[in-house]
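Here the structure is laid out as structure tokens; the discussion comes afterwards.
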Amino acid sequence: MELSGFAKAQFLSVNMAFGFAVTAGAYVCAGVSGAHLNPAVSLSMFLLQKMSGRLMLVYWLAQFLGCFVGASLVFALYFDALHVYGGGNWTVYGPQATAGIFASYPSEHLSVINGLSDQVIATAALMICILAIIDEDNNAAPRGLQPFIIGLIVLLVGLSMGFNCGYPINPARDLAPRIFTGIAGWGLEVFRAGDNWWWVPVLGPMIGGVIGTFIYEMLVGIHHSVEQKNEEDGEEHHPPEYELVQSMA
Amino acid sequence: MELSGFAKAQFLSVNMAFGFAVTAGAYVCAGVSGAHLNPAVSLSMFLLQKMSGRLMLVYWLAQFLGCFVGASLVFALYFDALHVYGGGNWTVYGPQATAGIFASYPSEHLSVINGLSDQVIATAALMICILAIIDEDNNAAPRGLQPFIIGLIVLLVGLSMGFNCGYPINPARDLAPRIFTGIAGWGLEVFRAGDNWWWVPVLGPMIGGVIGTFIYEMLVGIHHSVEQKNEEDGEEHHPPEYELVQSMA
Amino acid sequence: MELSGFAKAQFLSVNMAFGFAVTAGAYVCAGVSGAHLNPAVSLSMFLLQKMSGRLMLVYWLAQFLGCFVGASLVFALYFDALHVYGGGNWTVYGPQATAGIFASYPSEHLSVINGLSDQVIATAALMICILAIIDEDNNAAPRGLQPFIIGLIVLLVGLSMGFNCGYPINPARDLAPRIFTGIAGWGLEVFRAGDNWWWVPVLGPMIGGVIGTFIYEMLVGIHHSVEQKNEEDGEEHHPPEYELVQSMA
Amino acid sequence: MELSGFAKAQFLSVNMAFGFAVTAGAYVCAGVSGAHLNPAVSLSMFLLQKMSGRLMLVYWLAQFLGCFVGASLVFALYFDALHVYGGGNWTVYGPQATAGIFASYPSEHLSVINGLSDQVIATAALMICILAIIDEDNNAAPRGLQPFIIGLIVLLVGLSMGFNCGYPINPARDLAPRIFTGIAGWGLEVFRAGDNWWWVPVLGPMIGGVIGTFIYEMLVGIHHSVEQKNEEDGEEHHPPEYELVQSMA
């Protein structure tokens, strides 16, 4: 669920709102779906054989629909403000542009290749942290506080890696509101803008999520398997991860 | 208890103060009253059959009186500052206006209908999060940290949905200080301002709280009941919620 | 221990530094002294018969000395900065004033009587929150996180009640650095400034702490005793508080 | 792992990013290496006989390499931004200077001797807090939340002691990115700048870490030993620390 409206605020406030919106969403959904809010995270869990491919597709659809509904709620909540601020126009560019409230657009300095590497690195970092925070064999955060700590990490990613294009790091959170704005009056410019930027925050997080998962399993997860081999000899708690590492090596 | 004085500060600071004031209030009252600080929350708990209608009315009165006392403490704490800042006048409008320190007034761009939808959406979102955070069948926060996490959610609501009218989201917190200012020297203008705005942050949160409760029960609470039916067959831990959902469907 | 240096920063940053400095100090001292950093808190604990009068005086001395050492560390850490910023002068007033880095001085608008009520209200609010956070019969924070939550409350007090005079709320934290600056070159003006302001942040917190303790015991603590009477009949865990309330009523 | 990119942001945001980057790194590494991210901390653990000298050297190498890789990721992530901002030049001085993004440089007002004392005091304060937060005989934070609390302390150090030179407080975090920038195009000026400043944030934290460890053991750790002597008579849980204190006294 995309609850965070985000208009005309300063950098830190917006990042805090984003981070803790993830916290809020995770608390709400944790018991039912395991707090899958991000298609890139769901893809990782599928690769780690923690969910089936079919369930992943269902989650992807739900994530996309949730973000679409969230965007329409933001639209409803700030309808008057958007109307006044934009002078009645819905524009992607210029001083009264409001499309950036819903989806990401690259800074002027950013090339597409650097934008893609930005999204890959940021999502990989996020994924490594999430996997660590929920890893009971590592120093996992207490279960009832994992949404808070993960929200904090999203805040961190925003503060440290949000200068290029506002850290979408989530294909559903970026594409669904973009489509909403395309329908709601901003037009097809939302896809053409930034040298057809729209696909970067969709593909980048997917690649980054997979890379982050791979790095975590190689650098940290593999220790768990080895330790278990040494200490318990043959009784492995995490065969799926271990096999993944094997098959990916 | 409304401990937070809130003058001449920047957006983030004020929101943090508000959020953690809720944290403070919740720690103080949790053991005695279950931390009911908001009439909209009490109304939800009544609808979920977790408190009687009579107790709810007692709580409403206490919440109202507490906010009235809180407003008078803020008045005492910042008496000199208010006096100097307002040039000896207590005004609702203009550059020396100080009434907005005590109660909410809509931004210029905001229509009453958008203001009402703002309050309904914001309080519904708050209510969904609160119900999730305290839901032991979901991923509840540790009991001793629930006031902190709920304060964080209030901060989030303020950061993301506070641009229209400062997110009252609490009828007592808005109406009681408004009446205080009406008595203390600002006059009846506090009710007439903003196209008779005063009733919006009273009614909106009540509607939003009910809607949020309904959404949470439909989307999340219902899973608990179904799971319990499937797994434990007939032994239901939360009959009140389940019945509510039934009777509201 | 007063670890926080505090120069030329914005309002929120300084308040966060103050709040979490309390967190840091509390983690360091919790095991040895029960994290008594504030003479007003020690006075409350004495009134609640949780510590002897003699131990309280020892703590007062230690708190005072700790703050004096802290002030000298800040002086050492920022010696060059203070020298350059003040142009070689140590002044209490004017655009190059640096005395306010060490101790509190009232805003221009603040009268002594409003300053005193500010300190009484702020310290009473702080005390009520601290007593709630550590009250196992209420909804206490987890023991290992109490320093964090108390630091958050200090942050809250600063954000909401710091506009008048910078919320000293701690006699040792204000008086000891003030004496240090008096010796280190700022001279006796540190005591004369603000209409002999120096005694307000010494006496105010003491009065506020006692009032806060009394309010908490009357509004919350008394419920514990009554509940225990009703439920366990005669077996009371907190006779000291109960007797205090009796003797003060 | 040095995940935090840090460009053109405001003071508080950067400090929050730094602090929670430590949180992120600690969550990732806690299970494998005990979250050693700082050579000064590893040195302390060696002095407390909690790790061998050989393992310390291995950790130092890993910390250095990790920071080097981190610097190169920041370089990749913000390559376009650095290029545009610096006008194609990589400069250490002047309005387009970008070297300060990677390593610390002293403020103009700062002498080398004050810079060294800054680093010693800041790292000593950090070390005292870290030792308290993980000290089970004191009021340790819950294990799964220690990375969060330690990140908060790093934030505190930054907010309160970051005005002189940006609180490197970690030899690997400062030297490795400095060498990276020396190679990547900024040249040897990165070592000559600030009166050959580079060695200060390498040696200072090492000295400060040792001093902080010594202070903590003298002021707090010694109480544990004495208490254990008195209460359990002869059965000491922490002989290494006690002996260290003995041998250092």
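As written, the chains take the letters A, B, C and D, and residue 1 is the first residue of each chain.
Convention: contacts are C-beta pairs under 8 Å (C-beta built on N, C-alpha and C of every residue); 3 or more make two chains touch, one makes a residue touch a chain.
Because the structure is predicted, anything quoted here is derived from the model rather than measured.
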Copies subunit A and subunit D touch via same or different residues, half shared test: different
Centre-of-Cα separation between subunit D and subunit B, whole angstrom: 42
Distance between the centres, which are taken as Cα means, of subunit B and subunit A, whole angstrom: 29
Sequence positions of subunit A contacting 2 or more other chains: 12, 142, 145
Pairs of chains found to touch, sorted by chain label: A-B, A-D, B-C, C-D
Complex contact set, residues of subunit B against subunit C: 3-10, 12-14, 16-17, 20-21, 23-24, 26-32, 35, 73, 76-81, 83-85, 142-148
Touching residues (chain side subunit B, partner subunit A) in the complex: 11-12, 15, 107-111, 114, 117-118, 121-122, 125, 128-129, 132-133, 135, 137-142, 145, 149, 152-153, 155-156, 159-161, 163-164, 216, 219-220, 223-224
